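Labels A, B, C and D are assigned to the chains in the order they are written; within every chain, residues are numbered from 1.
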Amino acid sequence: MSVASQMLETSPAAPGYRSEDLVECIEACLACAQACTACADACLAEAMVAELRRCITSDLNCADLCQAAGGILSRQTAYMPEMTRVALTACRDACRLCADECEHHAEIHEHCRVCAEACRRCEQACERLLTL
Amino acid sequence: MSVASQMLETSPAAPGYRSEDLVECIEACLACAQACTACADACLAEAMVAELRRCITSDLNCADLCQAAGGILSRQTAYMPEMTRVALTACRDACRLCADECEHHAEIHEHCRVCAEACRRCEQACERLLTL
Amino acid sequence: MSVASQMLETSPAAPGYRSEDLVECIEACLACAQACTACADACLAEAMVAELRRCITSDLNCADLCQAAGGILSRQTAYMPEMTRVALTACRDACRLCADECEHHAEIHEHCRVCAEACRRCEQACERLLTL
Amino acid sequence: MSVASQMLETSPAAPGYRSEDLVECIEACLACAQACTACADACLAEAMVAELRRCITSDLNCADLCQAAGGILSRQTAYMPEMTRVALTACRDACRLCADECEHHAEIHEHCRVCAEACRRCEQACERLLTL
């Protein structure tokens, strides 16, 4: 059982979502934030870095919003449905935009392919919570 | 001239907004993130902390989204209008929700009054950029 | 294979540490940052919240430094050994202090026990990289 | 009076430092984090971006530690002197390393000059609190 899952099970707060859905989304947010941070760094190491400016910026921006969403979803005390929807919507949209960008380079750069996959998983996990 | 303003003036990137508007919004985001972090801490120090759970959670959540927006607005290379709108919308909405919450306690707790003002300034600065 | 591990394998940067050690530490940092964020939230939900002020503050502070370290370790392009040591040292020390605090409540609050374990794992992962 | 200063004055917590010193350091941390974020972005926009990889990485890393320190200093409830020293030490050292790096390019890139100044101010503000 993951740490995020154990934390949720041992909290006295009543979560706003089913535990499995919430843990999946928290973990998708954190994995995507890390992937985006690492993809920006890998793009910077490429010989063609000058052509990857847009991808680097997109990665850094997406990492910031995934990080924010992962934190907000980890706070289930005094649960605020509207604030959570604001964070999920922003994270879903940022992941979609970043995945679109990374997919342009996915055939050339493996790190963009892996990052795009992490973005799509996070986009879908956010979308799932938003439609519950 | 503030550091944020000097940074913008010395960057080779062509910003997506007028410098004055952009700097005002970046600074409002960072001031609000700090105010929310400090308000959560001040609420925690209050004797009636158990009644301030919702305010503390709201502060921490709003700080995360203001921080993300301040970072995203500071990146003007390979400017992505849609990503910026995603961040501004989330930050504006989080600030509105957090200001609503803090205003409930503004007459009792001065720190909630100051924090609510910082949230309203940030809400308005984001709204201004969104309507340009 | 985890996303962090795939990102490292597909990056053109030559990492400053063995991949396994680096991935283990990045994942320990991110898991600890999330556990601390969730433990602060769970403490806030407890009836005895007024007695958990120090634990909440400790959790929030430790989360900030783990998050910073996880990001810095994810950047292996233009690797800066001294900057990495600064981040690892701060993260290790913050995790030790936070684990000490959470262990005081570990028998009463399961979330503090789980969080203390995440802090100890992260403390050890940072210490391992520092002694390589 | 700045927002950070008003927040500190209206908090029931007894700060671990004189208000003026604490506010100066919090504001130096936040200004430096923003300057580093913006300098990384400005470096990315330069024609010679491939020669600025080390500066970009240094900026991103320094921003993470300044951000962490600014948050930790904003929490004065259940003040933890040792945790605060850990954060101040890391932030001071990161700012020194990043200033050293940015100063190499300060004559060519104005944004590196402004960023180096923000790093030096933050380095000194952290050092001052550490020697009190």
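Here is the rule we go by: a contact is a pair of C-beta atoms (placed from the backbone, for glycine too) under 8 Å apart; a residue touches a chain by one contact, two chains touch by 3 or more.
In this text, all values refer to a predicted model and were calculated from it rather than measured experimentally.
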item	value
Interface sides of chain B and chain C: same vs different residues, half threshold	same
Averaged-CA centre spacing for the pair chain C and chain A, given as whole angstrom	19
Averaged-CA centre spacing for the pair chain C and chain B, given as whole angstrom	26
Shared-contact residues (touching 2 or more other chains) in chain B	41, 44-45, 53, 56-57, 60, 67, 71, 75, 77-78
Topology of the chain contact graph, where touching chains are joined (line, ring, star, complete, other)	complete
List of chain A residues in touch with chain C within their complex	2-4, 6-8, 10-13, 26, 30-32, 34-35, 37-39, 41-42, 44-46, 67, 70-71, 74-78, 109-111, 113-115, 118
In the complex, chain D residues that touch chain A	41, 44-45, 47, 49-50, 53, 56-57, 60
For the chain C and chain D complex, residues of the former touching the latter	53-54, 56-58, 60-62, 64-65, 67-68, 71-72, 75, 77-80, 82-83, 86-87, 89-90, 93-94, 97-98
